[in-house]
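The two complexes that follow have chain A in common; it is paired with chain B in the first and with chain C in the second.
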Partner chain A sequence: MIRKANGQNLRITANAQVGSTFACASETILGSVTLPPDFLSSGAIITVRNSCTKSSTSSPFTYKLYFNTTANITGALQLGTFSAGVGDFSPNIYRRFVFTNTTTARGLASTFSTSNDVGDVVGATVATFTFTNWLVGGGVFFVTGFRGSGTDTLQLINISLEV
Partner chain B sequence: MISKVKGIEYNPPRTVGDTTGYTGVTTERVVNSLLIPGGSLKQYDLLGIDSRLRKVGTVGTATIRIRIGTAVNTSQQLVATYTATNSTGTLIPIMRRLSINNLTNSTYAPSVTTSNAWDHAGPTISWQNITTINWANDQYIIITSQCTNSADTVYCPYIITDFIQGS
Partner chain C sequence: MNPKITGVGPNTFYNTTSVGISGTSGVVILQKVLIPAGTYTNGDLLIAQALFEKIGSAGTFTYRLWASPNDPTGSGLTGAIQILVRATSSGNLYIDMGGRHLYIKNASGGGSGIELGTEASDPLTGLFSEMRSSVASNLAINWNADVWIFASGQLASTADRLNHLYLKIWEY
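What follows is the complex of A and B.
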């Protein structure tokens, strides 16, 4: 899971193993990537990106990005969301965060629905995200899906955390 | 052209500098390529590919494609496509992140024939399982161009790859 060059960790990622298929009738974790303890320091700029595939065109999905000490929605810090329409076959979230110290990061507001924070993200605001012992203790970035209606399913294609 | 992160060199394959100009035809042609040696990638790795065309002339539009295969020609496996939306679009990018689900016969990419500059910009585009690429063998990343008017000239300033090790 850890990319190395000359024996040194440079970036981390989950993997490109196509995940299980989920109906997401309730909010369901699709996949995660681990942030090891003490891996990043204050000032780090990270990119969390992931992609899913949707089975057909019957369902809208709400897609969310979280951080927690483990892959658990309860108590998790929401970092982003994207409301995927019925025609969005590859819902994804792409976000950058800047750590201003070991417990605080800044990025696009967590409730602003967009797949990526690049380009003309009109009307978006910057939010400050605080999580106790974030960089020192590490944790898990994970994505969830929640089906609004219909019978489509979701499958994670990849998820990565890059520095 | 070697990147450094905290003084550590990281050097995935990339090309350096503009190619020569290509002009005079409206058929698809190879404008740049690089070799990914067999065994460089493993199952569940991610492979990033970033390239672009630079077009001189605004008579017609241009299409950039990524192909991957064991030889450098326009018959190799199509992996990605982007067509500039108008003739004045002279910097024509293409960026993809490929998921290597199986080293020898399963590489996932957004629909290879659907025009899209960056995979994260097109959530309506479905994913496609490419079964013809075997990363255990040498593979070429091939950038091709196709102009709608033969008077335009295209260059390829770079191909950059990004290796991200899976678990």
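What follows is the complex of A and C.
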């Protein structure tokens, strides 16, 4: 949808999975947001953000952000990760990417564990992300959770794509 | 039907053409954007963001954000007003400016901005950002005339390289 914010177009979309609860005994898709085909052009700077709530303090979770043509882990391009500790009740991932052409984007390295990419961090690098024709063909940004131990569950609160 | 968009709204300006520093420890003008005269006015709140990629850990990197009535390609820093300065550690290879807000109190040059000075680490978030009280200042930027917003960068070691990946200014 398109919202009007103080004279500026702000585009945000979210899918219908928001609000579901997952055990994540194996890596599980928590929610997704769709990038429509031919929606962005080269040079776009996007923000993908999402947040969850964790039921209790028994479990650490590994949290990942992906892109694929559909919400499917197989063949997906990993864009980010965050290792949430047992006390992290609201794990989230916040990432920004700049598209240098229709198949390539730049942003924080996908294997660097952090909830957000704001500021500069020793040990983190800028990575190049390549996915065939992802601006022309569109696809899905989605997040997954994987429970390391314990019995906690995760519930996705929101996921959005902003430009 | 949504038009194809480039990540911009009506009052957003951006530069995603990478500009690099290589083989010098001098100050280099990096990306720039032109804000046409009259685009912003009293009461507007702007935010500036930038992303830098450093290759090599031999030395520190210092970047500055500027506003100038002159195109820095020809004029350099002459007449430019410094919006912020930040020096990163030698091992910082992913360098995100984090965001700097400018509140326009007087578009004709009587005052814009929130802080001027070296950014500090916020005690709560640990992030280097403007979310830390330092030196409050009014910046005498005349938004009724053309304004160039641009970054400059300086590597301490010629063994390192740097790429400025994007600069984005928008209103919200």
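The rule is simple: the second predicted complex is superposed on the first by the 148 of 163 C-alpha atoms of A that agree within 3 Å, B and C clash if a C-alpha of one lies under 4 Å from a C-alpha of the other, contacts with A are read in each partner's own complex, and residues count from 1 in each chain.
Here is the rule we use: a residue touches a chain if its C-beta (ideal position, glycine included) is under 8 Å from a C-beta of that chain, and two chains touch if they have at least 3 such contacts.
Keep in mind the model is a prediction, meaning the values are calculated, not measured.
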Exercise. Once the shared chain is lined up, is A:68 touching chain B (first), chain C (second), both, or neither of them?
Worked result: neither
For this session: Determine, under the contact definition given at the top, whether A:81 touches first (chain B), second (chain C), both, or neither.
Result: neither
For this session: Would you check which partner chain A:98 touches, where first means chain B only, second means chain C only, and both and neither mean what they say?
Result: second
For this session: Return first, second, both or neither, reflecting whether A:118 touches chain B, chain C, both chains, or no partner chain.
Result: both
For this session: Pick one for A:109: touches chain B only (first), chain C only (second), both, or neither.
Result: second
Exercise. Where does A:53 make contact in the superposed view: on chain B (first), on chain C (second), on both, or on neither?
Worked result: first
Exercise. After superposition on the shared chain, which partner residues are touched by A:90: those of chain B (first), chain C (second), both, or neither?
Worked result: first
For this session: For A:44, decide between first (touching chain B), second (touching chain C), both and neither.
Result: second
For this session: Name the contact category of A:158: first (chain B only), second (chain C only), both, or neither.
Result: first
Exercise. Same chain A residues contacting chain B and chain C, which ones?
Worked result: 2, 5-6, 8, 10-11, 118-119, 163
For this session: Would you mind writing out the residues of chain B in touch with chain A in their complex?
Result: 5-6, 8-11, 43-46, 97-101, 108, 110, 119-127, 163-167
For this session: Quick one: which bits of chain A touch chain C in the complex? Just the residue numbers, please.
Result: 2, 5-11, 36, 38-46, 96, 98-100, 106, 108-109, 112, 117-126, 163
Seminar exercise, completed: In the complex, the residues of chain A that touch chain B are 1-6, 8, 10-11, 13-18, 49, 51, 53, 82, 84, 87-92, 94, 115-116, 118-119, 157-158, 160, 162-163
Seminar exercise, completed: chain A partner, complex, touching residues on chain C are 2, 4-12, 14, 16, 18, 49, 51, 53, 88-89, 91-96, 98-99, 127-129, 163, 165-166, 168, 170-172
